[in-house]
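Take a look at the structures below.
You will see two complexes here that share subunit A, one where it goes with subunit B and one where it goes with subunit C.
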Partner chain A sequence: MKGVKKMNIVGIAACTSGIAHTYIAKEKLIKAGVALGHNISIETQGTIGIEDKLTKEKIAAADVVIIAADIKVNGMDRFINKKIVEVPTSIVIKSPKGLINKIQTELGLT
Partner chain B sequence: MNNIKIKNIFNENLIDLNMNAINKKEAIEVLTEHLYHEGYIINKDIFIKDVYFRENEGQTGLGNHVAIPHGKSDAVKITSIAFGRTQNDLVWESPDNKPVHVVILFAVRNVDKTTVHLKLLSQVAMALADDDTLDKLLVTNSKVEIIELLSQEMNKS
Partner chain C sequence: MINELKLSELKRHAMTGVSYMLPLVVASGLLIAIGNILGNNPALISDYKSSYSLWQASVTLGVYGMQLIPAIMSAAISYSIADRPGIAPGLLMGMIANAIGAGFFGGMLGGYLSGWCVNLLKNFVKVPVWAQALLPMLILPLLSSLIIGFIMFFIVGRPIAAVSFELTTMLQNMQGGSAALFGAIMGAMAAFDFGGPVNKVASLFADGLLLQGVYGPEAIKICASMIPPFGITLSWLIRKKRYSKGEANNIKIAFPLGICMITEGVIPIAAIDPLRVIFSCSVGAAVGGALIMLFGVESPVPSGGMFIVPAMNKPVDFLIALAAGTVIAAVLLTLLKKDADENKLLEEEEKEIDLSDIKIN
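Moving on to the complex of A and B:
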């Protein structure tokens, strides 16, 4: 896309019961991020534990950290000095592309 | 084939394409009855109470006329799902405020010996992140296709 910068995005998805919304939010973010031309990695913190754990390298390279969660997530200390956007999973499920575009605009990464 | 995996948690007897439910309560009751009949839950009242506990924590509508209520409960014998569809407009808390026609009820054991079934449920959830999948679930009359749509993520792992 013309004039739109590619962002490196990392994030965490987590919901109250850790069964369904966590995984829907993860998939929606990844589909939207890829469709918009960004690099994106999302860690899930659900009932079955942590999956797709973010690597140090990906966190270091990230322009923004998206926390899509309805509960407190673990490991926030990994994101010191990073730009962090926290939203409930419902926002991601409703409008994942809108969220990513808004973040990009607000952070001046366009 | 992915059908082998999904058969652990789901089968054609747990698909009801003509639910008579006129509201959320009746839809949850109909699907709970199917799970009970198939032997996946051992007590309907306790299970429904636990489903409503989760309903009160936040909306389970996904938008696009689909909802995924779920109950984590001592009444669940085997972690599983039931699929129901109705022509009726069910009022359901959803991000797009549209009425619900497809209800996918997740029944989850309070304590599972392994994470195999939970992993399968998470893969069903991931399949529901795709808007085309939701559209197909609203119209197809093939139970085989519904099982394939819900298990598509299992092919990738």
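Moving on to the complex of A and C:
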């Protein structure tokens, strides 16, 4: 993965019970994002409520928004005019790097 | 392989409903259980003018919570479909479902219908500019409540109530072989994908039945959710060579999570050797589920793991079923798994998934 452009990624993770998959998905995305050399911030919407809320600055700078959720997420109005990718949490848990690389190719940011 | 990218919209709405409902079910179930245990099955409060005990208050509050479940399920589904305008009609449809005995499943249906109705109305009802404010404030909630309310009262409510009743009676009267088979299937489903979609179907079914007063399936669900982490832990204790250092670390996390009924901790271990782990855990959970049905164990609380075992009707029998399932899963794992190869296994293994359907909007 040499010579690849750096992306700014923001995202939201949310699962049904809101206690496990949400946070696994967040960890996987952040680990994969950092390993691939991108800037990445993930907000979680678990049963406890919103944690690590995305800042306006981060959203403004983002190239893409990854919604890894099995349920309806709140605050989608923050991402108007943004590129949004919606996937179930299982995808980012199983193949976080694959997903990020795929997005990068699709967006032509390689 | 099922295309995992297309987690259907229908399911997303149902899952949203479940996510909003869970805390209410847990709180209500525990309130009832605590009141019943400590107050020795007190009567519900019927007259607020006369005096009542603390435990009566606890049980009564729990029962209020249980009656709200169709409403919160319906409102959350409707909200998931139609956003905020969906909440009011959704709540009302849930109240109808509860009142006519269509319960949880009636609430789900009411939620879908009212959400779709609001969305349709949003698209089709055009008002002049001066009346724009009336649309979300008056027209949408009134029309959707009226239309779907009448449908619920006069068309779909009764059949669902009848089916709910039949299902409840059938499950309550199930004995012997059929009960064991039901328990085995529920158990295997609950353990099959460690908290994934198949588990959620079994879980939704159990939660629905809880509301109809059938408590056995919840006990199966709790048992089957704990068997995978316990079984893997036990098999690791029996023969440590079967697991790599990375896996051993994961097991140390998965076990305490398992005590809290969170199965997901075993996913990293299952991901490395899916066939053997899923097979062993499902068989163990099926045995546990069958025993739960045969013993007649019931749990009035849907979630909470080992901490709510005392709230069950037969805690000792529950532990026997749990232990039996755990031992079987552990023995199978130990027999079937090969010794771990420290060099080969990478902790962060990526799965090959067909990502071609991903759309960027």
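Simple rule for what comes next: the second predicted complex is superposed on the first by the 109 of 110 C-alpha atoms of A that agree within 3 Å, B and C clash if a C-alpha of one lies under 4 Å from a C-alpha of the other, contacts with A are read in each partner's own complex, and residues count from 1 in each chain.
Criterion: contacts are C-beta pairs under 8 Å (C-beta built on N, C-alpha and C of every residue); 3 or more make two chains touch, one makes a residue touch a chain.
Predicted, not measured: the structure shown is a model, and the values here were computed from it.
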Combined model on subunit A: subunit C and subunit B, fit or clash: clash
Partner chain in contact with A:103 - subunit B first, subunit C second, else both or neither: second
Broader residue contact with subunit A after superposition on the shared chain, subunit B or subunit C: C
Which of subunit B and subunit C A:83 touches, first, second, both or neither: second
Which superposed partner A:26 touches (first subunit B, second subunit C, both, neither): first
First (subunit B), second (subunit C), both or neither touched by A:70: both
Partner chain(s) touched by A:93 [first = subunit B, second = subunit C, both, neither]: both
First, second, both or neither for A:34, with subunit B first and subunit C second: neither
Partner chain in contact with A:61 - subunit B first, subunit C second, else both or neither: neither
Interface residues of subunit A shared between complexes with subunit B and subunit C: 15-17, 19-21, 24, 31, 47, 70, 88, 90, 93-94
Contact set on subunit A toward subunit B in their complex: 15-17, 19-28, 31, 44, 46-49, 70, 88, 90, 93-94
Of subunit C, residues touching subunit A in the complex: 4-5, 7, 12-13, 15-16, 18-19, 22-23, 79-80, 195-197, 200, 257, 262, 264-265, 267, 271, 348, 350-353, 355, 358-361
For the subunit A and subunit C complex, residues of the former touching the latter: 14-21, 24, 31, 47, 64, 69-72, 83-88, 90-91, 93-99, 102-103, 106-107
Subunit B residues within the subunit A interface of the complex: 54, 57-59, 62-63, 68, 70, 72, 95-96, 106, 108, 115, 118-119, 121-123, 125-126, 128-130
